[in-house]
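Below is one structure. I have some questions about it.
The chains carry the letters A, B and C, assigned in the order they are written, with residues numbered from 1 in each.
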């Protein structure tokens, strides 16, 4: 069990916690002051824990499977530890943000609009995904897109109120905007444009956009020009056959090739290390994910590797949770691949629900020391610098008007 | 939203973006150097500062880094700031008669365009005379020239372009290949260029030159006087142009019968001639008559502005139309150029340059005219006609003073060749339009243009030598 | 199925290139895509000239630019029509794209989109003087394109 000394390696620990959750008894929950009314269940609803080496993890603790986890959350002298067997490691619990308790002027709880994940506030202004209406939704998806706001589209003002509240708490280093599939050629960017513009106008924050690959590349240019600092077109599955099977909508209406082309093009437009795609670990053989990692890093796209945890409602309930042994080669390859292709790994970081390349270095038998740049980007000045550099780059690269 | 992402390496973008600020820094250093070096003998401090400003404006006008009008505004601001003229005098120069004449002429030209009169005249005459390939070329060429006697040559080029394009398409001519199409578009460009130097109306550069002369020396040149001096050059250049168009670019089209239908459709589209067209036509005729024969007594600017008032009295145009048809920015250019010219003269800078720099090569008045006209015709190929005048005329007037030449001669020597830019698309809008059609390539234009340019220079100097003494211009 | 791309533009058309591209597509049983790029540099230059040094206002300048653009577009349709007819005669699968903007960038975009195997481009004859001082866009395309580019000198 302790083959990998998981407790003392933050990345091993993160993955194990993501796979298996953590035990926490009622007394601990009470003593930690967790208010269970504010979404602690679901795909991204677990407990945000800050592990050593500044590694964020979102660990389930209310779900059934968490009760059999080998990890346990314990409190000693007002300090929090994760205990496994006789050993323990000190961690910090990130309390749910205060703004979760607030509502917009229109009466919508901000916790419904924005979700904090590490240093990100994630917002999905329109929670509908047309794949569901056509019965070609991604098979692992539990319909969280459809359930989030019962079809309600949040207005720009409501989203701004949410970002403002998060910002006041100092928790909106990056605003992560996402959108489900709609049958438009722009991949959703036309819908997101007013949100991006408004956020950029009012806050000095970085904006990441998760959309669908648009039919034409000029929409990618516009995504960058309008203010997105990072873009994600999530292919989810690299294997061609499994992509067809698991993501029928993406396959039929967008196509695997278009994902690749759009990402390739976006990598030429956006800064190094800011174009990313999710490859879900465990839904395809490890070799296939590794192929995907090698391919995407080769075209300067950052592979982000979430681990699939089955949720009620998803079609893949018979899915077997992979073991640490299964996923380890994948993460090891991730770090080497990004390093080999000189991809900047300072952008995609501090996300609790996925494993980032920066964390993958803990699998790669290198020292745990943070690089100077990494340390710098953690500081307040570093965050401001990242924003400033990103804005300057956009000013230099974007020429408005062009040809009529 | 229409955006282009510059995907070059960031250092290349940074370098290309920093070239512009760097350019201004260099210009500022040149200015600072010129004002801080010890004042040369025979030149006052004001003269030295004016020369520094003149060099800055020259660099900016030639490079085109700033719009011409903005460089002129810089000149207006700097003249009083450098203590060359006081504020009141500097800004008063902007209210010069020439500026108001240009303003009035632009508005009248806009009214002619807006009324549709010019377009109708063009279509009707072409349909009547353009029955053979040669005659069609002749009608486009001479018509563009004659219209440019009476209204802005650029307006004529813009108005003719769609018509000539339809002719080329109607004849099924191949862009870039058909020789006849090349002559059609060159006829349009050359007609406008040559016709544009005939009177004060073709291009605002002539009134600009006349205004600069008046502010610097108090000498005036009348509408008729100028036309009399320029006309032989125009007339003979038109003949040379026609010869080149028909002999050097022999028609590869025999039958242009199909074009008749194009003209008929155009005439049908225009409908009956309306009240506004008649009235604008009559008003233009009366205005030109007054400019020619009563310009000296009433004042050409007064006539122009009075005609503009009449336009509005009879509701022939609305202000909104005029706003859209006049390039207001360029009027600022003229005001600034006149102010700078006056400052050059009054500070003694022009005379100093003439004495020290030019006296080396200036042996006789004819050599001066030959060299100045050559310099003008070469410069105007690469930059705006008006900017050439703004740069060369102040120095030219200085030269006239040194060699006891009539400054009017120098004004003609610069104002007439300044309009004759035949070689490149960037030389003048008429050329740019011709090349943009795709029927004439830049290479075609340069080849034929060089011949026209040489002819123009030789012809101009022959006119100076033989014809000018006949009309009382003594060299 | 392989794909042949024929790149035409306002100033780059050639009957020989059209014939060659159709033939190439037919022999290789490939799809023929025609890209027509409307060059806007000249229209922009005309407009700039009028607004900077011209004696006429905004409206005639805009009308003029629009007239030029309309003409360019029409020429594009005519050229593509020609290729389409040839493709139909030879039973070659055909597709057409019209766009405006940077020559190299737009060409590469279409090459990527259609997974083009061979591109056919037309190079204008240039004087030795110009060749010495500036690289032609077609040369740039040959360097940057992810596929084979065959060049026709006009």
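Here is the rule we go by: a contact is a pair of C-beta atoms (placed from the backbone, for glycine too) under 8 Å apart; a residue touches a chain by one contact, two chains touch by 3 or more.
Here the structure is a predicted model, which is why all the values come from computation and not from measurement.
Of the two interfaces, A-B and A-C, the higher number of touching C-beta pairs belongs to A-B. Measuring from the average of all protein CA coordinates, the nearest chain centre is that of C.
With each centre defined as the average position of its C-alpha atoms, the distance from subunit B to subunit C rounds to 35 Å. Spacing of subunit A relative to subunit B, judged by their CA centroids, is 63 angstrom.
Computed from the mean C-alpha positions, the centre of subunit A lies at a distance of 42 Å from the centre of subunit C. The set of subunit B residues that touch two or more partner chains comprises 4, 7. Counting only residues that touch two or more partner chains, subunit C has 101. Annotation for subunit A: residues touching 2 or more other chains are 402-404.
Against subunit B, the residues of subunit C that register as touching in their complex are 10-11, 42-43, 45-46, 49-61, 63-64, 67-68, 71-72, 75, 101-102, 105, 127.
By the touch criterion stated above, subunit B contacts subunit C in their complex at residues 4, 7, 64, 67-68, 106, 109-110, 113, 152-155, 158-159, 161-162, 165, 175-176, 203-204, 323-330, 384-387, 425-426, 428-429, 432-433, 435-438, 443.
On the subunit B side of its complex with subunit A, the touching residues are 1-7, 10, 13-14, 17. The touching residues of subunit A, when paired with subunit C in their complex, are 217, 257, 261, 264-265, 402-404.
Residue ranges on subunit C touching subunit A, taken from their complex, read 40, 44, 65, 69, 100-101, 109, 112-113, 115.
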